[in-house]
Amino acid sequence: MTVLYGALAFWLAAWGVNTILARSRWSDLRAVRIFVPVLFGFTLLVLWQGLVRGLDVSPVILPAPTDIAATFANETDTLWVDFVQTVLKGALTGYLLGCSVGFLTALLIDRSAFLTAGLLPVGNFVAALPIIGIAPILVSWFGFDWHSKAAVVVVMVFFPVLVNVVQGLKETDPMQRDLMRTYGATYGQTLMKLRLPAAMPFVFNGLKIATTLALIGAIVAEYFGSPIRGMGFRISTGVGSLNIPLVWAEITVAAAVGTTLYGLVALIEKIVTFWHPSQRV
Amino acid sequence: MNENVRNPSEDTVIRAENLDLTFETTDGPVHALKGVSLDIQRGDFVSFIGPSGCGKTTFLRCIAALETPAGGTLTVNGMTPEQARKSRAYGYVFQAAGLYPWRTIAGNIKLPLEIMGFSRDEQEQRVKNVLQLVDLEGFGGKYPWQLSGGMQQRASIARALAFDAEILLMDEPFGALDEIVRDHLNEQLLALWARTGKTIGFVTHSIPEAVYLSTRIVVMSPRPGRITDVIESPLPKERPLDIRDSQAFLEVAHRVREGLRAGHSYDD
Amino acid sequence: MRKTFPVITVLLVITAIWYLGSWRMNTPWALQQAARAEQTLTTGELFKATMQQDRPRLPAPHQVVSELWKSTGAMVQRGKAFSKRSLIYHGAITLGSTLTGFALGVFIGILGAVAITYSRVMEMSLMPWAIVSQTIPIVALAPMIIVLSNAVGIESRAVPKAIISAYLCYFPVLVGMVKGLNSPGTEQLDLLKTYNAGVAASFFKLRLPASMPYLFTSLKIAIAAALVGTIVGELPTGAISGLGARILIGDQFGTPLAIWAALFAAAILAGVLVTLLGLAQGLVLKRMGMAR
């Protein structure tokens, strides 16, 4: 029980530190802005550890963070194989393919105001649907290996990217388009010099949404059949065989990959759209 | 009406005869221009003044081929406005600077040069020249959002000057700036005009600005949009800011005010 | 009409492409069957054969529609609207957890937004994690959450499904409400200060009403996300009721028509829910004089 009380005490102390930091005059410092949420996250881990150890929760139900870390360290080979299968082959291939196709399709339909008017509402609607449900169909079309997972990812990321790019290309104001007309600019020149740069914040919005969707698609598609590797495969079999710490280790990898991919896209966004008011602060 | 159209001569740059343009809106048709005739000579500084809806901006946009008049004839450099636009006969300055935030000031000035296919060296040279003309040397590497509103507007004028078009069309370029900055820019614009000898069409709703800058002032009135008076300015070409306190200046300003009032009388 | 015409055209084109796809993808099997029966098919016969297979690789749109009718409208006519083979029954199960998860997610989202608006510690600690939470493929957790809630003695699958839904849909609400609650300008807040208004008054008289347009916009995103969450929660192992489970069962028994019908039912459900929220939005904003 002392473990639990210790954890609770740590929680209170950390909360106190954060409160003081947030109210202090250093609260806008970069270091503080990073330290506060990190301490908050660490506190949650400590609480989790304290609850599991203090209340003697069976590892089959909820393993302690330290158990998960130990499993992680022991099973790095398995985790790596699954990472390659699910993330590198399934998710990334699908992501790159789906985003490119979505982007190019947007450029194509942009030439026709009629197509834009017709596809935008349809695309918006489809982007909100549980597209993940087509996973079993695509698995039956493309087989158990990573190709079917990449196909699921392509379909899932296509619509959000399409819709955002089309929306972004509409984002220039009439004055800027008039200016290009006074220069006698061609469609291609206006696209390259004005509309594409102006669309970039939207493009990246779509790309960011797509990163999370790509991982979801690649993992869930494995529930419907996969070779004997892959994160989704390991999670569903791990749950069945009660190897719960391994499942949590896979989830940790998934979380880390998701955050890293998102962070990477956000970083590129920061570099490309440095001029946008939201990035200037 | 046709006293605005003088005998055609070599020096006529813009010639409008009986222009008509009607916009269809949900509240019924709006007569933006009706029977508008005007000649602009090479080297003129012509201001268009009038209340909103009088068609001054529409007229400027017709010259720039951003609108197409429904009736009448309009030539720019002896060509149709569309041909003139394609031969890059004019630079256009909007009320907002409209600089691209992802390009530096120099990059923005290069924009029309890139589109028109100038060589790299030529681009650099021209950017340097026009930055000097608008007094922005040393700011080429800055981004628009790092500059004040007045500096941004100067940069947008530099952008319009970069490809050295004969004609400069300006649509309330200083409308969004405060009085002090505006005075300063007016003075600079006159100096620029004197140095380059360009033909300038300038839309404004400020009487002092119109009188201070122009060789001719075109007074317009709304519903339907038409020209009510064209005033030849008696002021000398050299104009220090304090000319605005002179008797001649006040007389011109008075005549413009009268013209604006006359245009309004049977409306309200 | 000017708006719907392009949309209808696009839908027609999609349907046409779909038919083309069905024809191409079902051809091999039709040819195989014909060869087995030692028949030769004319082009017309072949086309017909690709449009009416029991287990097509890609069912034609009219097959999906008729399957959808068989498992909904036709069952109603026979008085079996809520039989276990009816999509109305499964749709209702899915709708139930979607709404539960939606309510939970909206509650958490609004609560979080209020905390973030009024407490700087909360803003600094919570906001980064809220963003991180959305980059984690939560569905990886779906089987886990089900095991976990079973282990703590919750038998019903509705609870874990609702938790997944809530996880997916709280974020748009949180972000939208933080934006909405902070949308009043300094002048408006200062005006209330000159009245010496308290925290509660400034919340209920200014911040909350000002946030309504933002709230409804995020609710529409959230309800769609909640439905995705529920269906994902129904997909992994062992579920027997709900639209997601129909997809799973259709996969296990090799009946593509059932999968497609369930997918269509989910799409219709999403459309109805978003439309209803849109109507509510129009009504509320109009009453509040905020309609645009």
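Read from first to last, the chains carry the letters A, B and C; within each, the first residue is number 1.
We take it that a contact is a pair of C-beta atoms (placed from the backbone, for glycine too) under 8 Å apart; a residue touches a chain by one contact, two chains touch by 3 or more.
Here the structure is a predicted model, which means the values were calculated and not measured.
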Shared touching chains for subunit A and subunit B? none
Which one of the chains is farthest from subunit A, going by Cα centres? B
Most central chain, Cα average position: A
Contact pairs, highest-scoring chain pair: A-C
Quick one: subunit A and subunit B, Cα centre-to-centre, how many Å? 51
Whole-Å gap separating subunit B and subunit C, where each centre is the average of the chain's CA atoms: 54
In whole angstrom, what separates the CA-based centres of subunit A and subunit C? 19
Subunit C to subunit A touching residues, read off their complex: 3, 6-11, 14, 57, 120-121, 123-129, 132, 134-141, 143-144, 146-148, 151-152, 221, 224, 227-228, 231-232, 235-237, 243-244, 247-248, 250-251, 256, 259-260, 262-263, 266-267, 270-271, 274
Given the complex with subunit A, which residues does subunit B contribute to the contact? 64-66, 85-88, 90-92, 94, 96, 98, 100-102, 111-112, 114-116, 143, 145
Touching subunit C in the complex: which residues of subunit A? 15, 18-19, 21-23, 27, 32-33, 36-37, 39-41, 58, 60-62, 114-115, 117-119, 121-122, 125, 128-130, 132-137, 139-141, 211-212, 215-216, 219-220, 223-224, 231-232, 235-236, 239-240, 244, 247-248, 250-251, 254-255, 258-259, 261-263
Residue ranges of subunit A in contact with subunit B within the complex: 173, 175-176, 178-185, 189, 193-194, 197-198, 200, 273-277, 280
